[in-house]
Every structure is written in structure tokens, then in C-alpha cells.
Amino acid sequence: MTDRLVIAGREFSSRLIIGTGKYESYALNAEAAEAAGAEMVTVAVRRVNLTDRSKPLLVDYLDPKKYTYLPNTAGCFTAEEAIRTLRLAREAGGWRLVKLEVLADQKTLYPDMEETLRAAKLLIKEGFEVMVYCSDDPVYARKLEDVGCCAIMPLGSLIGSGLGILNPVNIRLIVEQSKVPVIVDAGVGTASDAAIAMELGCDGVLMNTAIAEAKDPVRMARAMKHAVIAGREAYLAGRMAKKRYADPSSPLAGLI
Amino acid sequence: MTDRLVIAGREFSSRLIIGTGKYESYALNAEAAEAAGAEMVTVAVRRVNLTDRSKPLLVDYLDPKKYTYLPNTAGCFTAEEAIRTLRLAREAGGWRLVKLEVLADQKTLYPDMEETLRAAKLLIKEGFEVMVYCSDDPVYARKLEDVGCCAIMPLGSLIGSGLGILNPVNIRLIVEQSKVPVIVDAGVGTASDAAIAMELGCDGVLMNTAIAEAKDPVRMARAMKHAVIAGREAYLAGRMAKKRYADPSSPLAGLI
Amino acid sequence: MTDRLVIAGREFSSRLIIGTGKYESYALNAEAAEAAGAEMVTVAVRRVNLTDRSKPLLVDYLDPKKYTYLPNTAGCFTAEEAIRTLRLAREAGGWRLVKLEVLADQKTLYPDMEETLRAAKLLIKEGFEVMVYCSDDPVYARKLEDVGCCAIMPLGSLIGSGLGILNPVNIRLIVEQSKVPVIVDAGVGTASDAAIAMELGCDGVLMNTAIAEAKDPVRMARAMKHAVIAGREAYLAGRMAKKRYADPSSPLAGLI
Amino acid sequence: MTDRLVIAGREFSSRLIIGTGKYESYALNAEAAEAAGAEMVTVAVRRVNLTDRSKPLLVDYLDPKKYTYLPNTAGCFTAEEAIRTLRLAREAGGWRLVKLEVLADQKTLYPDMEETLRAAKLLIKEGFEVMVYCSDDPVYARKLEDVGCCAIMPLGSLIGSGLGILNPVNIRLIVEQSKVPVIVDAGVGTASDAAIAMELGCDGVLMNTAIAEAKDPVRMARAMKHAVIAGREAYLAGRMAKKRYADPSSPLAGLI
């Protein structure tokens, strides 16, 4: 099949990106990644052990040759912190493709869009390829694309909340206007949430808690693999029209 | 894997039952069944050519050795009609496992539950194994199980409407009380609808229009195969709890 | 204004019926009824003290000359119990206009529609005017109207749940087909739920827990009075069409 | 009653602000304002005739002594345009209390938050009291409050769409954090939408199309008056808890 996700020139068969760091162990994380069929994992550079050989190393479980590592700036609250973090990542692992997130506060973990845009500009100037966590505001999504971000990653709902896609209209508007991939990042709680994101025309889904905090993370990872494929295929297949009656000749008066 | 759907002693790997009759051709129908990974197809005995060799025969495309045929009583508006139809099916093809539907009116195609219960009793007395299309009323679902139906098939929404699962609370109540399989029958419009049905704990999904009226029915059939697996696995995996804030320590005041 | 609710020949200005029995005191109940602008109250004949003068009497607080008393059969699980209860009510207070409910089980308090229909027929034969609590199944709603019930009272969701109108499509279908008043009975949790019921074209709303278990019942009663008027007026005013874009000339591709 | 809306030191009994300009005539507009019980109307300075005595004047129909005029910057796409517009308004009518909106594009009419924040700062420096139309991003809402805006006016959904409150979680987060009034501005389509906005704790609602494009605008205006009161009272009354079963002792397994 030729339906590939292309981000900054890299091709992926899988449209499901998973996190690292909330799992009980690197071994379980690796098992989940395998079950999810993921080809990309995102890594909180400040939190994950990437270099200290005296302790377990993520790279020993998730082979960087098999998985594209996507360093992220989780926990950064200013553009400067985020940029410093990603420079370190580039020095440590040569990573240029990165996920930028500049958070506003601990309570919501929502992005500070002003700082995010500022950081994106600076990072792109330094040669980074920036996938960017953002609010679901289509206007800001366009600004981020205009300055050169290579993927737009709007939140479905609060990070770690599992509330799903709260505003499908905004996600849809972002999909319609974007020329780079749109990847829902944050909010997915269960399989149908991921399917809905893909049915809206998104190019991929990134999730962490939904898998890591399921009772059986590996099984949920497998569920998510199927959900993303299901949603993608349904989007491409073109769904039936909704009807108001079993007999479609007499439409319900538009009120429901 | 040992996660099997068992209906009246028959075992199935697939939890997706598809229809026949709304497809452009039997060939397309067969291709969709293949893509859906279906092992059971439902057949409107009164509408589908099962015996006239001078015309195309469904059985030449969907091999009854490969697919379990589930004769249904689509278009029957009284218990007597339904019973007569299924007797003919038994004579013609030896089918004992059947899907009963007794409709109330053309506009909604909703079941007449009174007639449905009456027909179910009579059919079971005659030795049929009755899977039964019903409203999402948990009380009537229990009555149908009590008289011996081998699968409860509540509607998600109007037949052919694609409106999805309108009342998840009722479906959930039916799942909780039922000892026989619960299979959502009617209303699924796209992949996420099927996933939601399975996440509620249903044992399977039956659909017709969602696949047959998609722009690309075969692709949608494939989407549905993945959606049903996704929902089932997510249900078995046990989803994360929903949270009101990114920081779960300070719950939103219960209002949303 | 001439927008009146007419039930079995009786005219009401208010479309909000409230319960009795979950309030801390008869005095509070009366205050809530006043704030709600209610003209009808429903009374569980088996539970409320209507005749023992040695204890507080409901009628001393809610004057039967001001409020139409609607005896109900809360707690009855068979047609016979319900009929016996209402006969007693008729003997005690001369009440002929009654609310029938025949429940199926304690867990859901859902109506047993088979028993309900049977009881309705018997009561109507005995000369009662029967308002009937029922599921949201349009087919059974029609049967109840056909045997002569003078108001159809479908549930919005589980009694006492506050989950709102779970299936607006069914409520709408009942409204469209009914020639007698349709009054949502059960499920309303807050003001917007009541407004939604009325916007769907219902003729009235009956509620108990939403007011009685609010932190400030009298204030919530006032909220409900306004909500029912708001929903009714909005229904009669005819709402604007929904649009997919701020610029209505380019509709969103029908997917949301 | 002492439940007053206070904006920049001005007190209002009504929490419903209505628009001008989409009505068939100034006379109808005035009738709707009367029915809505509004005390404030918003006026697109660039579009409404405020000074040319040779044509009908809005002020002849909506008496500025009775209604607080709220000049807005509808149709402005840059901070500079908005500021220029409001300076003119101040010169023409002495209006200092204004509604700022800086739009991003014609298709969505969404605010450009970057320009909006910039304009807000400049206007406040010039002594304006700025009520500000904004996205439902709580982070930007806080920035706007921090620079001194006197009311935060997040959109419920697209201007003129009637889609209601698409993301109640965001509105709730804004309400929780704000010390100035929060007024939902855009998206309300019918009475229940307005009630929901108020139940979330908003201090008021601004609407235009929902009334102006109803079949009967005056009746819808009356509906909205009641809806806003209903939602406000329900919020203050404190709604009942939602329950998963009629018998609350056995909670549904958290999945619905």
C-alpha cells in the first residue's frame, strides 16, 4: 500500500507515535511500542536516561535504528529552556527532528502559544525540523506552519486527561488548511478517540498515557494500532451520509 | 489467541457480521466480506436470490462453507410473517440459526418489541436458534434472553442512519445483564462507531449500510475489521481513567 | 398569551410538573413548587401522607385547589399493584387523572413496557385518565396513545440520574407522531436539560430529583421555571440553522 | 436580588448582551432588545449609522440612555484598524468601554490572538476599557486579563454558526481562573446553548445571529432572556450529582 506518512522527508508506514517515560519499565515500554507497530517514539530529553551507562538505557530497549527518536521538551516553560534542551539533544544524539512544547502552567499543561511560536522560529533558524505541540486554534496552527514547522500537533484535550477530541470542528479546520501533517497530540483516552482523530483527516496520533496507564498497556497498544488504521481507512473510504430517519426520504426537521 | 465469540455453540474469530443486499453486485459484496474478515453474513431471505439458478446466486460469491449464513426477516411486520419466512429458510437451506426482526413501521424500521417477543417464543419452540434485533430497552432485552434467545441485538440508532450509538448507557446496561452475546445491530456509520460499541463491552457488531454505502465499500470493510478489533482490545485492556485536569490532583468541580 | 398545555381537557399555563417526597420537608416542597411556578404536582400515593391527620399532611402545604394533584404508582412492579394503588387514590381523593408507572427492577427503575401497556388498558377501561411513564421507544409510545393514554411521558434517562436527554432522536420521533402531549419524565439534571427537552418539541417536563437534590432547591426550582419557558419559546421561535463555517457559503465537508 | 454583573465598575441586572446589524430593521432590533431584557448592545462602529441624520439612526430606536452601547471592531483584521475604529467611536460618542475583536480570516472569523493581545495593550494604554473577544485558550485568556482587559469573551464556536459551546472544558478553565467577568461571545444557536454557558459559570452571554436569524426574532429574544436566567440560577443553585444508575448504590463501571 502506498498510504505513507511523510514528515520532513522521512517516510513512515505507522501513523501512531507513542511516548516513553510513564511505563513501569523500559521493557514494558518496548513491548508496547512493538504491539503498537510504532516507528517513532517521543522522548523527554530532560527525564529519560539517554547516556548514563551505569543505569538502564532506553536505547537498549528501543533500538534507535528501529524507532525514530523524537526528542521533546516536556517540562519546559519558556522558549529558552526548550531551545537549550533541544540543543543538548542534538549534541547527544544528533537529533534534528524534534517535538517542541512550551508549556504555560502545571495545572493544564497547555502550550503557551506566544512562546511556542517564538521558540519555533528560533529553532528553525538553527536548522531544527520542528514538530510542534499546539492548541487547537487554527489561526495559530497556520502561523506555526507559516514559519516552517514540519508537523502541526494540536491537542485533543488536556495532556493525560483521556477526554478525547473535545473540539472536532477546530481539528477539522486545521486539517483543511494544513499542507504539513497534522498529528493529534494529547487527550486520546481509548481506541475510539484515536479513530475519531483519524476520521477527521489527521495524519497521525501521538499518545502516551492512554497506553501507559491502561490496565494492560500492551493490549491497549495493540488496540491503538488497529484504531489508527481503522480511522485512517474510514477517512479514505469516505463514510456514508448520516440520515435522520430509517426512511431517508423524509428528513427530520433539522433540529437534531 | 482465545478471545472467541460463541453464539449458540458456534465459535467465531471475527466479531463483525456484515449484510448482503445493498451492494452493487454480489462480487463487490464478497470482496467486502473478505476485507472485513467476516465469518458470518446476514441474508434477507425474502430479497436475496438463494435458489433460482437462472440468475446470479449469492452462494456462488459468498461460499456458505466459508461464511455462516444468518437468514433474517427484514421486511416482516408481524410475528407470523417472520415465522413463515424463517420456516422457508430452514426448508431451503437447513438454517436453524436465524436473525429475527419484526418491524413496526417503514419510517423508523424500529422493532415492534411486543411482536418480536411473541415471535421469538414461537420460533424457539420450533427449534430455531434466535438472534434478535431489538430496541435498546434493557428490560425487553432481558425478556428476550429469558425466553431463550441466543444473542441480543440492540440497535445503536435507526437502521441505515449512520448516527452511531445514541444511548451508550442503555447498551452498557444490556451488556452488564446479559449472559448471551450482545451484538449492536443498526446505526453504525463509521469506524469509531464500531469501536465505541465494542468498548462498551458488546460482543460484536452487525452492519450493512456503513460499508455498502461508503464511497469505497471494500476499504470501509477493512476499516471496520480494524475498528472492531480495536474496540474489543481496548475493552479488554481496560482504559485509563478520565481526568479533569492535566494535573489530576485538583479535580474539576464535577460540572463537566 | 394563548400557549397552553392541555391534558385531558385541563388547561395549564405552566409546563413544569414537579414531584413530592424527596424534599426535606413539606414546607420546602411547597416553596419549590411556588418558585417553579408549577400547577401540577405528582404524588406517590403509597408513600405520601394524604389522610392521617395526626401527622403533617401534604395537602396542608400544597393546596389541592391551587395545584392539580397527579397520583402516581411509584414503587409498583406489576400492573395489578399499580391498578390497586390508583383505585385507592380515586377513593381517597377522587383523582381520576393519574400517572401510571410500572417498574421493571430496582436497579434501573425502567418501566416494564409490557406490563405498562396492560395496566394502561385496564385503567382506561375503569375510567381513569392515564398519563404514562414509558421508555423512549416510539413504537411503544404509539401503542400507549392508541389505547387512549392522555399524555406520553418518555424518560430522558434513568430516574434520579441527572444524565439529561440521552437519546434526543427518539424523543423527537415521539413528539412528531403524538397527538397527545409528550412530557419528558426522568433524567433532567439541570436547567439546560429541561430547555433541550422543550426545544425538541415536548409539551412539558416532569422532574423531582433535579430540584429536590440541588444544593438550593428553591433556587433550582426557579431556574427550571425559566428553563422550561426558554426551551418552549425557542422551539416556537424556530432556531437559526447550524453552519459549519463562520462564512456559511463554504460548508464543512459534512463530516462533523 | 443582589446578583449583579459588574463590568469595569458598571452594574447590570441583565447578563445578556445582544448585537445590532443583522436585523431586518432598527425597529425589530429594538423590539428584540426589549424582549431580551438587554441592558447592553454591541455596535459595529464601521457598519452602523450613528451620526448621519439623513438616514435612520440606531440611537433613535435603541435609546443610549437605556442601553449601554458597546462599540466593537467587527471587520478589523489588524490591531491598527481596530484601534483606529475605536478612537473614532470615542470621538463620536464618548465611548470608552469597548469590545475589541481582531479577526484572522473571513472563513472562520476567529480572532488573531497575537494581534488581539497587542491591540489590547495599546488600547488600555490609551485609557479604553477593553472587553475582548478571544479564542477559548485559557492561557491567552489569562494574558488578556493580565494586561488589564475588563472582560474576557471567549468564543463558544464559530461566529454565526449556532454550534453551541464546543469545548466546555476550556470555558470552565477560563471561568475558574478569571477575576474579571467571562462572557461567551459567539456560537450560541438556541436557548439551551445559552443556559449551558451560564451553567459553566460564565457571567454573561453575547449573541447576535441566534436571535436575528431565528424565524421569530422577538420570541427568540424572550427565550434567551429566560435561558440566561435559567443557566445562572442553576449555576448558583448547585446542580445534583450525576448518577450512573437509578439505584446509586451500584455505580456503572466508569466507562460511560
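Each chain carries a letter (A, B, C and D) given by its place in the written order, and its residues are counted from 1.
Convention: a contact is a pair of C-beta atoms (placed from the backbone, for glycine too) under 8 Å apart; a residue touches a chain by one contact, two chains touch by 3 or more.
Nothing here was measured: the structure is a model prediction, and the numbers come from that model.
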Quiz item: Taking all residue numbers at the chain A to chain D contact, is the shared part over half or under half, that is, same or different?
Solution: same
Quiz prompt | Chain of greatest Cα-centre distance to chain A | solution = C
Quiz item: Just curious, how far off is chain D from chain B if you go by their C-alpha centres, in Å?
Solution: 47
Exercise. Determine the centre-to-centre distance between chain A and chain D, using the mean Cα coordinates as centres, and give it in whole Å.
Key: 34
Practice problem: Please compute the C-alpha centroid of chain A, do the same for chain B, then give the distance between them in whole Å. | Solution: 34
Self-check item: Residues of chain C touching at least two other chains
Solution: 108, 110, 158, 163, 168-169, 199, 239, 241, 244
Exercise. Flag every residue of chain C that touches chain B in the complex, lowest number first.
Key: 104-105, 108, 110-114, 117, 135, 137-140, 142-143, 157-158, 163, 166-170, 173
Quiz item: Which of the residues in chain D come into contact with chain C in the complex?
Solution: 106-110, 158-163, 189-192, 194-196, 199, 209-210, 213-217, 219-220, 222-227, 229-234, 236-248, 250
